[in-house]
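In what comes next, chain A is part of two complexes: it sits with chain B in the first one and with chain C in the second one.
This part shows the complex of A and B:
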């Protein structure tokens, strides 16, 4: 399957991918409202995290593993592996907020929702026609969605 | 400003932040290499310090909500035709520092005419047909190097004609364009990779500049001109044999008569190995070559390099356009150079004293016309190609340069603009926010060679199409037919002396 791969050699640490993710998952689809309003009122957060250490930075999110530890750990069946698309999907309704997936994920790619007993996880922008927002927004082509 | 020198507020730019659009996302803080934007912990918002802004526009370009506007500071000194604001600011700075004023990029001064803008091209009407380059073949291929005075033919055993004349080595270019010398060190490795890849894809050449050639770039040798400058950085046998040509850099348009200085901070591991200088030590190129004090000495160096490269590649000599350029060029050709590159006073640089950059040398247009004429008058024009450099902004400049007698043009500032440069002129700080004139690991990676190479290729393709259109309009189907064809040029608003030097008639004549 096509996954989003970060390129640490050319990630410039601008965090624009985070803003794109935030906007893509907002109700308003407007960066200014998403960042200034929805982030506070609804706990809207980015699935993408830019990690920095010295001159190195890299934007990480769920890797949609072939054998996801989070799915194995999920007690409610909220996390599933979609055999057709290859995505690791998350059903918000089923999630009980037990954080088993957070503990299980070896990449730290799952975060707690800041306000509710839910998680925040990359869905590869399943509903976005142009593909993942982070890839489209990266100004330095340091995020690529491709088959490897 | 509290606790600051009193002239600190006489800065050049103002940062205007649209309060409705700014979301305090800090992208500007992360992008600014000069700390002009900062997070104010007590106010819990992004603030800025206008005095630190260099006008590079990086924050404006990357602001995700278009909330930023970089403007010239509106504050103005009382009008004074003699004491223009830049001179007043120079004095304040020098009174503070006691130092030479450093600058980067080409001279921005407006009082020296840009002759490209005073020259107009011809087009065919009625009496001769223009050519549509999309329907008919159009030749931009250019060969740089010595050409024979005459060709002699014999017959091979089977009776077919055979060339008897031994041809000199030439550089073959698909476009009459080359990326001019920008050393590895002054710009970073990512851009050298990009230039090498772009030149290879385009079938043109790029110039290593004086900083040697990184081992991993030897594979692009067919599209590389290796440069030998006064510091001899990175020069060794393999280097001399790595490229399609060798260039002796005597002078640079932006700073004729002075050497170069790459500060130690820019000498990282890779630059140190490539330049063959210790890590972190300043790399100083002397003003003269210490083995060239005459045309005879130059002759020796040219042939030393030809010997070292077994006469396989042409040798170029690059000089700055100065007062006596035609006679110097004649001497260079007679010394055995296959290519003479002339760099005009508006050429770019990574660092030069502002006074030198803005006051020394002459415009490329005048130098080029004079050199071409002098070599023709002396009957030695065929012995060397002429490459014009220093302030080539667009395809029309290229066409005009070729009509004035150039075989090809070097361009570098345009290539840097293609990858984001905004001519802020702070290259000498080593903190280029566009990741160009910097070896800082965090800044240099702002140039992704994949993107940069593509942009450079696009630029040359675009110029190529435009050159073809202009040639076709003039009824020419080959760049060769334009070379030195000054009848295709007319001047507007130039004096008789200027037109005499350029060898062109006034428009209407």
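This part shows the complex of A and C:
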């Protein structure tokens, strides 16, 4: 499957990918509204997170692992592996907010939703025609979506 | 040619799985990863398709409905070409003839067998424990019984302050029942958590009105002349009036059918690195298995959900011929107590006086946060987080990938928290940004 691969040699920590993620997962699909309104009212948050270590930066999110630790740990079946698309899918309705996945994922790719007992995790912009918004938004091609 | 070439339908393997819990789901997914054609037969004693067993406490608490329990979608078994026999118990295994018999009188042949029969509640020999008004809390049926019961009773005593006992207590409390917990150990959650984390959790429970008694247990369950439970006499001499007792001390491996079949059983069914038992082509996984532990290298029974799935998965792929060993289990638990999240992973209570371990712990009682890191040989081998759990997964990485820490990295891990830049370059590249041919999955 095509995954999103981050390249720390090109990342400048500009956080544009986070903003693109925020917008793509917002109701309004508008950057300003997503940032100024929905972040507060809906607890909208980015699935992507820029990590900084001195001068080095890298933007990380769910790897959609082949054999995901989060799926093994999920007590409700909210997290599953889609054998056709290869995606690690999340069903918000099923999730009970037990944080087992957050504990089990060794890639730190799962966050608690700020307002509800739900999680936030990359869905590879499943419903977005152009594919992941972060990849499209990165000005440096530090995020690549490809088959490896 | 016709004499040497087997017909297509003879090539297909028959996998039989006993039990329909999460280990079984893991096995189905592990088999199907490598074998699309083989026939899979799942035989489960319970009536429901695989459900989130831990969710029975959410059901009892009234937080979710029965329709939210199923672990996979409606089409799951059909889509994976699994023949599901529910409400059916396997009564015997013949390892020589490679067949199992069921209580329905059927005999089912297998090429590969997985025993994923889970655990059964342990009932200690307390006087008065046999008879009416004593309940367990490990199945959907138990939860449904307790839901009906909770409308009729005022008080309940829960014996056992481990995960299952606390969850039962919390859920009954949410149904308006006055609950008292008895825990023989000096603290609750003694297995997976330490003293301070246990105390923070116990405080939350006490604050909502659940009575928590540690260092004490039931000496006798007393009954009236009709045989109904009157109350519990405690080891410290007190008497607690109650109408029901929930025994939730833990589960023991449900290994009787394996033992009867001559398969090697110690505490649980012994399995090798492929999850195969002492009988050829017979595998075991989940709460019933005594499998390898990643950190100690020893074989242990660790009855937790992620291990059950992972063992099921590893047994599945090995039954299907993939020859990929099980990476070993890692104890881990995530439990919340009325909004206070707690997570513990790996070795959290190193043996007292063992100087090969180093412990760094920070407690903030006012904020209700606690962080404990356990190191051995310059590696992180365990941690406990209470309250602030957001970096749990990143801590888990250091244990799971057994990353060697230099003094500097260890210092940063302790003071600034886990960061991906503390990972060895090679691991980072292999997992996050692999060269096209080497993509680690």
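The rule we apply is simple: the second predicted complex is superposed on the first by the 148 of 148 C-alpha atoms of A that agree within 3 Å, B and C clash if a C-alpha of one lies under 4 Å from a C-alpha of the other, contacts with A are read in each partner's own complex, and residues count from 1 in each chain.
One rule holds for everything that comes next: a residue touches a chain if its C-beta (ideal position, glycine included) is under 8 Å from a C-beta of that chain, and two chains touch if they have at least 3 such contacts.
These figures come from a predicted structure and were not determined experimentally.
A.B. asks: Clash or fit: what happens to chain B and chain C when chain A is overlaid?
C.D. replies: When both complexes are placed onto chain A, chain B and chain C end up side by side without any clash.
A.B. asks: A:76 contacts which: chain B (first), chain C (second), both, neither?
C.D. replies: second
A.B. asks: Figure out whether A:53 sits in contact with chain B (first) or chain C (second), or with both, or with neither.
C.D. replies: second
A.B. asks: Which partner, chain B or chain C, is in contact with more residues of chain A?
C.D. replies: C
A.B. asks: Considering only touches as defined above, state whether A:94 meets chain B (first), chain C (second), both or neither.
C.D. replies: Touch partner of A:94: chain C, not chain B.
A.B. asks: After superposition on the shared chain, which partner residues are touched by A:12: those of chain B (first), chain C (second), both, or neither?
C.D. replies: Only chain B; A:12 stays clear of chain C.
A.B. asks: Looking at A:136, would you say it contacts chain B, chain C, both, or neither? Reply first, second, both or neither.
C.D. replies: In the superposition, A:136 touches no partner, neither chain B nor chain C.
A.B. asks: Which value in Å is the smallest Cα separation between chain B and chain C when the structures are fitted on chain A?
C.D. replies: Value for chain B versus chain C, nearest C-alpha atoms: 15 Å.
A.B. asks: Is there a shared patch on chain A that both chain B and chain C touch, and which residues make it up?
C.D. replies: The overlap between the chain B and chain C interfaces on chain A comprises residues 54.
A.B. asks: Could you list, by residue number, the parts of chain A that touch chain B in their complex?
C.D. replies: 9-16, 19, 31-32, 35-36, 54-55, 137, 139-142
A.B. asks: For chain C, which residues are in contact with chain A within the complex?
C.D. replies: For chain C paired with chain A, touching residues are 26, 29, 32-33, 52-55, 58, 63-64, 68, 70-72, 305-306, 309-310, 313, 332, 334-336, 341, 343, 345, 389-394, 396-397, 400-401, 418-421, 431-437, 439, 441.
A.B. asks: Provide the residue numbers of chain A that touch chain C in the complex, in ascending order.
C.D. replies: For this pair, the touching residues of chain A are 3, 5-8, 51, 53-54, 56, 58, 60, 63, 65-67, 69, 71-73, 75-77, 80-81, 83, 93-94, 96-100, 102-112, 146, 148.
A.B. asks: In their complex, what parts of chain B are in touch with chain A?
C.D. replies: Against chain A, the touching part of chain B is residues 20-21, 23, 25-27, 30-31, 62, 64-65, 435, 440-442, 445-446, 448, 450-451.
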